[in-house]
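Labels A, B, C and D are assigned to the chains in the order they are written; within every chain, residues are numbered from 1.
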């Protein structure tokens, strides 16, 4: 793990990169990293996330900035701007059931080619996918997802890069921290090694590439 | 969740039941439950576990008692009795790669039909299985596993059934607690509700059916 | 009593102590207000919480304790938090005793459409498809008609949420069960006749000889 | 220096600061004794621990802090623990920088057999198949021959652990790399000639003009 100032961390991310961004309606999203992406005028991203939050919040800020080329999310219902950009053809939106999205990301991070899920069988979600039968029950084969960068928010990080999350801000963050080539972490608090007990570490240090330093 | 004396908990388990038993070389195994299974003379089980530990330890005690009809495990190398019983045809042993075994159990508990893993491709593990190609890479389709009972050990349980685990005694326990019809928990310590903080609960209370009471 | 209150109060009667329950947004959320006293219900928020409590008092909210809409909630003693993979493992894996969801259409085969009106409303399915596939019991909470047109119809015209047959529909007019595979009228709302229900329903209902009134 | 020490010391030279490393039982475990001073290595135990430290002092062991053989270990500051699904996610998902494993046979295509001798030794593959499939770098630590017969052979006769080509074999005689697809003799042990290695190897080795001696 390498400590890195915010500006440098974001400068590493090229236009058009694929990003997995933690958070659920903006809760547990790395807000400083997102603000800096906008300040540096980065754009053309493929973003994987649970949702696009609300206008002006979390991933919603990237929508407002028109920095996203394609969003792969489960829900955009609380962000009318996303819906407008989608209907206007400005932003591509791929909707994925939430439980399928998180399992596909997990598969990408855990070295699996995919998973068989009953979710979506017989619906529009099935289009273009393989249906497999196991023990007489139908499943869709949903393939693994990976991305270039994970932008992860956590409650506590230690100097080695061990991460712990708080309450409902955990959501997609630890799973995404497994599924990308480069993991950039924005921690609410940075603490010495040993402050987070081993059983409370959710993301082990070797998974983290960069930890954004405090201002 | 229902608190239950040890004797009654074990009396519920019929001969020939399928059991998922937590632990790794006996660490994190519910030892009291195993001893009581032997005391009540139960037998004919199909046991899913990481290993058969050593003679006289953990699942190894069920081997010594010849209570297991079939063991589905990743490793028996440290228990010569298991190997003897297997070679003598007394106990059937199905060997499964450790990472595949835990993912198959997880799939059973998480409502997935199975997972695609690269592990075992081109080896004897592939026999009888479907090979699928995703993005040019080969995977085996490994199907979900479920059982009748999970026998789970944890460090802390609260009066509702929330569970927390200690260090390397976690291993298969929380995953097995998702994958069976009935979950029986042997806790090292039983504490009031609220003593385990929400972020430290690993197995949420609604998953637990029975909590074995202290003597 | 208004339509929403009738629906929420009636659905609350389906709760049993010890259940793990997920409530969708809208009318379903109101069900939590009518939990019978002394009953222990575990409410799950799919963003990663079991033990969701009421809205916090003024000044007591925290940015990391929220519901699936991102709004502040409280956590009851014995609450637990987890990541999204675990949250949907609980849902898909059959650990959820009951989900209460809104509905746009329910058809005679008990299939639910509740996530999109193509070209008009495309919010995304969020967790709805997993909830309908995975919950032990799926209860739909919705108004009986939309702009005077029946929502319980012969065949869904909107994209399905799942092909899994739901268990119960509760509206401000009626309780309809799909337990036997066909929609069966179980109860009518106070002051509502069987004929009122049939007039407002396109699907063909099984009507027992005696249809009691809801006790609310 | 005995065979095990030569192998363990040489493999320790493959370590780089910050690496996540899994050591198998037997000779591989000894590698931990030769970590260069000041180097930060994360050792994983596949039973659910990163930050495995040495054997605890007398009276300081705890029943819940163990290695993959169930033996007491310590945890270094910054250690973390997790369940078996996570442990093998780290292994299979390409997060493990290096695994060091014992071997029964390695063949010309770099394929490893190390988990069973049918009819004689059936311990089970444990985590070995996942480790060979998933680790970024697979290093095999083994004696060059068994009962005088070569273990680096044309084609494995024992059941394979994986079809994935391993990266490096270190024995008490030689360091052999599979980086170019074919087994290449990189180094010989002190006092060992190229011819000594070739005599004890069945597989056909690529031998560069200059083969240096191990620095131990």
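Rule of thumb we're sticking to: contacts are C-beta pairs under 8 Å (C-beta built on N, C-alpha and C of every residue); 3 or more make two chains touch, one makes a residue touch a chain.
This structure is a prediction, so every number in the text was calculated from the model and none was measured.
Path length between chain B and chain D in the chain contact graph, taken as the least number of steps between touching chains: 1.
Farthest from chain C in terms of Cα centroid separation is D.
Rounded to whole angstrom units, the spacing between the C-alpha centres of chain A and chain D is 35. Spacing of chain C relative to chain D, judged by their CA centroids, is 55 angstrom.
With each centre defined as the average position of its C-alpha atoms, the distance from chain A to chain C rounds to 29 Å. In chain A, the residues that reach two or more other chains under the touch definition are 103, 106, 110-112, 117-118, 165-167, 170, 198-199. Chain C has residues 49, 75, 81-82, 85, 88, 91-92, 133-134 in contact with two or more other chains.
Listed by chain label, the pairs that touch are A-B, A-C, A-D, B-C, B-D. Note for the complex: chain D touches chain B at residues 45-49, 62-66, 68-70, 75, 81-85, 88, 91-92, 122-130, 133-134, 159-163.
The part of chain B that touches chain A in the complex is made up of residues 103, 107, 110-118, 132, 134-135, 137, 139, 141, 143-144, 164-167, 170, 198-200.
Within the complex formed with chain C, the chain A residues making contact are 24-28, 50-51, 53-54, 57, 73-78, 83, 86-87, 93, 95, 97-100, 102-103, 106, 117-125, 155, 165-175, 202. Residues 1, 106, 109-112, 158-160, 162, 178-179, 193-194, 198-199, 201, 204-207 of chain A touch chain D in their complex. Chain contact summary for the complex, chain D toward chain A: residues 18-20, 42, 49-51, 75, 77-82, 85, 88-95, 97, 133-134.
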